[in-house]
Amino acid sequence: MVLDVCVIGAGRMGELHANSVAAHPGARLVTIADPDVDRAAANAASLGAEATSDVHAAITSDAIDAVIIASPTDFHVQHIELAANAGKTIFSEKPVGLHLDEVERCIETIDRLGVSLQIGFHRRFDPSFRAVKSAIEAGRVGDVLQVILTSRDPEPPPALYITGSGGMFRDMGIHDFDVARWLLGEEPIEVMAYGSNLIDPALGDAGDIDTAMVILRTERGSLCHINLSRTAKYGYDQRIEVLGTEGMAQASNRTPASTEVSTSAGIEASLPHYWFPERYTEAYTLEIAAFIDAASQGVAPGIGGADGLRAQRLANAATESVQTGKPVRVG
Amino acid sequence: MVLDVCVIGAGRMGELHANSVAAHPGARLVTIADPDVDRAAANAASLGAEATSDVHAAITSDAIDAVIIASPTDFHVQHIELAANAGKTIFSEKPVGLHLDEVERCIETIDRLGVSLQIGFHRRFDPSFRAVKSAIEAGRVGDVLQVILTSRDPEPPPALYITGSGGMFRDMGIHDFDVARWLLGEEPIEVMAYGSNLIDPALGDAGDIDTAMVILRTERGSLCHINLSRTAKYGYDQRIEVLGTEGMAQASNRTPASTEVSTSAGIEASLPHYWFPERYTEAYTLEIAAFIDAASQGVAPGIGGADGLRAQRLANAATESVQTGKPVRVG
Amino acid sequence: MVLDVCVIGAGRMGELHANSVAAHPGARLVTIADPDVDRAAANAASLGAEATSDVHAAITSDAIDAVIIASPTDFHVQHIELAANAGKTIFSEKPVGLHLDEVERCIETIDRLGVSLQIGFHRRFDPSFRAVKSAIEAGRVGDVLQVILTSRDPEPPPALYITGSGGMFRDMGIHDFDVARWLLGEEPIEVMAYGSNLIDPALGDAGDIDTAMVILRTERGSLCHINLSRTAKYGYDQRIEVLGTEGMAQASNRTPASTEVSTSAGIEASLPHYWFPERYTEAYTLEIAAFIDAASQGVAPGIGGADGLRAQRLANAATESVQTGKPVRVG
Amino acid sequence: MVLDVCVIGAGRMGELHANSVAAHPGARLVTIADPDVDRAAANAASLGAEATSDVHAAITSDAIDAVIIASPTDFHVQHIELAANAGKTIFSEKPVGLHLDEVERCIETIDRLGVSLQIGFHRRFDPSFRAVKSAIEAGRVGDVLQVILTSRDPEPPPALYITGSGGMFRDMGIHDFDVARWLLGEEPIEVMAYGSNLIDPALGDAGDIDTAMVILRTERGSLCHINLSRTAKYGYDQRIEVLGTEGMAQASNRTPASTEVSTSAGIEASLPHYWFPERYTEAYTLEIAAFIDAASQGVAPGIGGADGLRAQRLANAATESVQTGKPVRVG
């Protein structure tokens, strides 16, 4: 059986997912829908798909089995609910929404209708991160004691972008909160967060922070530290570390080259990938492959709506903690 | 202008190159030709190309501008000459041929007809290797004194394969001889080689070696060492090192993951890619992109027939050196 | 001028410092004093020094210029004050004392008498850590945004040891609080700490934790994370990382060997040093050399009593934060 | 039993060995002998030893059990024979002598008199190199196929030094020939060497080379490559690699710090140790400890006169190979 897929949104992530669908032998890319139909058409042309500006019709069309939602965040809930009511299998970029109540309502709808929703937490599919998770599952590090996550963007976004982003923890940290839950293997019950505006005053003026540190604590007492930054001059910095009773597992940065030049001045090695499309190329491909495989087999995706909801609650709690200066309990 | 391309051969390399052509915006994959037309059709289907068993017609067809030859080695010279006479721009997998006289004749034909021939020395396009070359060109290592090349296959080929391969230096070492010339920036004038059969007796029975060491010397006295092995249990081992008067540049192995697990037993890191399709993914894509770009602009490729010829002379000299136990001069 | 030195204490640290003094051309080891005179004599024999059980007389003797105090923590304040009143130049192992009031009183005495006191924060002398500090001072990382410190002992101490230790933050974390201040280049004004007992129940029974995470915040908003663990099966884990507006500086673990074994099972590298005497060999030597040099030149040591006091206040604040579950302000 | 030791020579190596003897609990440093008695006295003063200019008397004195010879190479044979006739246990710096016939005669004398002679091949005691050897002995790399040795000095010696040095292979390569034999676990039977003068014309004027590559072959067909250089701007480059049927073992360079600074310009790591006293600190200590232990127990040292002789034959063969341009057989 070949899965017929529609991609909503012809921006960077939409284009990326459309390419992944087209290249997957188990799926057929039927439509790319975007109000900017020229952009949709540009993506669709070389992939043998149709382009449309009618997002509503594209989502509910009988010609498709599954919908991949890469529209702007403001539209996620609306598009998910539309697709859910039409009985489609759904993949949605994170976050489901910026307001927790609408996210909760949306996930309830999904559950009530019994459709599948996979959230775009692509980092769980990164080969290096997966190998860390596998090491935990194989018992090689023993019981998890500490998780340390480093997550730094190479440069800050424009201040304009910040306004609709929900702030650093919801926009950028959401992935790290998901990775934290995944690696801890337990739910955090308390969040303490610090945030400063040290890099770009314009971000502060827009009401956001650009430098942050978080600690998560689980019921059992295992701990997770996340550090976030909107600058990393050496490139996109994405590292994870897990300490357990039997050892440690780490994933370090990935580089486009493995070259070293040694002179009297020092040994100079290749920099990491500069940004997420290069860093997570395989992860983006693998998450769509997992979505197609699960949809084709009619099984639930490994990362469902509840995961999206829980990561969002942690992001909200971190935001509140910075505002109140106190630890925040998470239900 | 879009370049119309025919790919000859539907084996592993042919399939790889066909995919690269199809994905390149400056080219159109018109035909895949292979006597085994089913295999050609399987490759062509998802790429929107035609399949044919008539290799002769495909090469000479007016509908194409350029030919990519990935047929078995025995057919390279015949296919190159056919394409040259039809005025096509040509890319051919290495080696041009197993016998030096036919290679020389073929290169002469190419030169006489004034057509372009790019040889499939993909390693020059590997991002890590290119960064080493760039460091040399930027003067960061000073004058080149020594080049050290490590080239080890993860496992030996079947003995049957050996028979038609031309032996370890022509089959496997040919790439290293090209890289040696490229990094030395001078022509080697003498070759000394040692070869042993230590890994698989069946290779020895087939008249070949499986463990080899070579030294190349240039007129100026700069030196290059190449070590070759038909086994490397830890994966495909492809490293280069250049020592100069001002420093050293190195490219180490590439890995599919960057994970480390530290326990009381040691720190265990991810293994290198196991074999060439994974190791040289970008290089294969980039060499075809360079071919398409040069062909579209009507300029000569960076790696021409003369490069193929010179690498082959070094491979022949190494083969002779093992047989005679003496250094061999190369003209 | 050669500095005449007395070492108080013939335990592990006392022996280490005695060796450093004996090997330094600018100092003479005159006495080793320990109530267990046999142990003192064993250390003194091969170093050409005298041994005595009379600690009081040794500290106040006219024959010595400087005292190195490596007695049990309970005796530090008493020995420091005795030496200060006798006008000696003083080096004391950390912590100055377990109770903040006695530490404050002791530092006041030192200041009033105008004598020099260097605290044994040896990590500031580690060549790798110093290179990080130098990179900051040279402006290579720009303004400091984040500091991340990893500090893990290979194995927990006996529960009995815990009782007199002051707890994980005062006993083990004190060094990290000093390194945090040194790298931040600013005083932390707030401390939030989490602590759990996950490794050895006996430590919990003794009222202590064995797994901890801390965040420090400065007035300006720069942040520091410290993670502490009483277990690290792969060896003593001592790493530092500084993120700034222009880049990052890191010091990774040191290893006794730089060997890698690559097999089909993975690439296995040498483990870090297992414990502090091997890890900080150079640091211990260099801190004593700095002490001798400063004392000989009559200048103040780079790390004075105020540093000891401030690190202790942070350790106390972290201890309080774990108890109250709230952030604690530091004056 | 404590071994009474005399050190001959108060130069850099003599001083190093004298310190190692003085610090070893199983030995007593009795005398340092050097025609330049002031230099001897300077070394002896802080170590509690006597200084003398009478080398002859020092070697034959009844007060000593063992002699460590660190005199200039020209005197090695004379001092060894003197010590041997006096029945002393002997350690001698490499090389035993510059002329093979005198070395052979000297080793015969040693054997005839039944005294012990350890040659100063300290690299066998380097912890990283030993770990490679242990991996081979433990069968982790399987049967040895290839050994690759990199041996580069940071800067060339003065031309004057070259004159009495015996040339690059005898002076500098001798250690590598020993390491080659040790790691191959078999005797090389053929040597091919290339040498050029590319770094310092003054070395060429003095009749020597400064850039060299060697291949050694054993009877069984295992191969070893050695590359030598009199320049390495990034520091003393000392690496070993062994490929076997089951994997690879490598020792990389050692560094004084493990610091990395990441900026937009690249990731800059600490350079290796600049020269041999820092690089091989532990090795020098351990070889003297091994000498003292073997002498105290009356057992033969692990590295005897025959090892010195065989390394020298390989160095001679390499020298001849460069002169004749042909491979040279070694008996």
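The chains carry the letters A, B, C and D, assigned in the order they are written, with residues numbered from 1 in each.
The criterion applied here is as follows: a residue touches a chain if its C-beta (ideal position, glycine included) is under 8 Å from a C-beta of that chain, and two chains touch if they have at least 3 such contacts.
As the structure is a prediction and not an experimental result, all values here were calculated from the model.
Shared contacts of chain B and chain C, meaning chains that touch the two of them, come down to A, D. At the far end from chain D, in terms of centres built from Cα atoms, lies A. Once the centre of each chain is set as its mean CA position, chain C and chain D turn out to be 39 Å apart. Taking the mean of the C-alpha atoms as each chain's centre, chain A and chain D sit 57 Å apart. In chain D, the positions touching at least two other chains are 233-234, 246-248, 262-264, 270.
On chain C, the positions that touch chain B within their shared complex are 233-234, 262-271. Here chain B touches chain A in the complex through residues 25, 46, 48, 127-128, 130-132, 135, 140-141, 246-254, 256-264, 270, going by the rule given at the top.
Partner chain B is touched in their complex by these residues of chain D: 142-143, 145-146, 148, 150, 152, 192, 194, 196-199, 211-213, 215, 217, 220-223, 225, 227, 229, 231-234, 237, 243, 245-248, 325-327.
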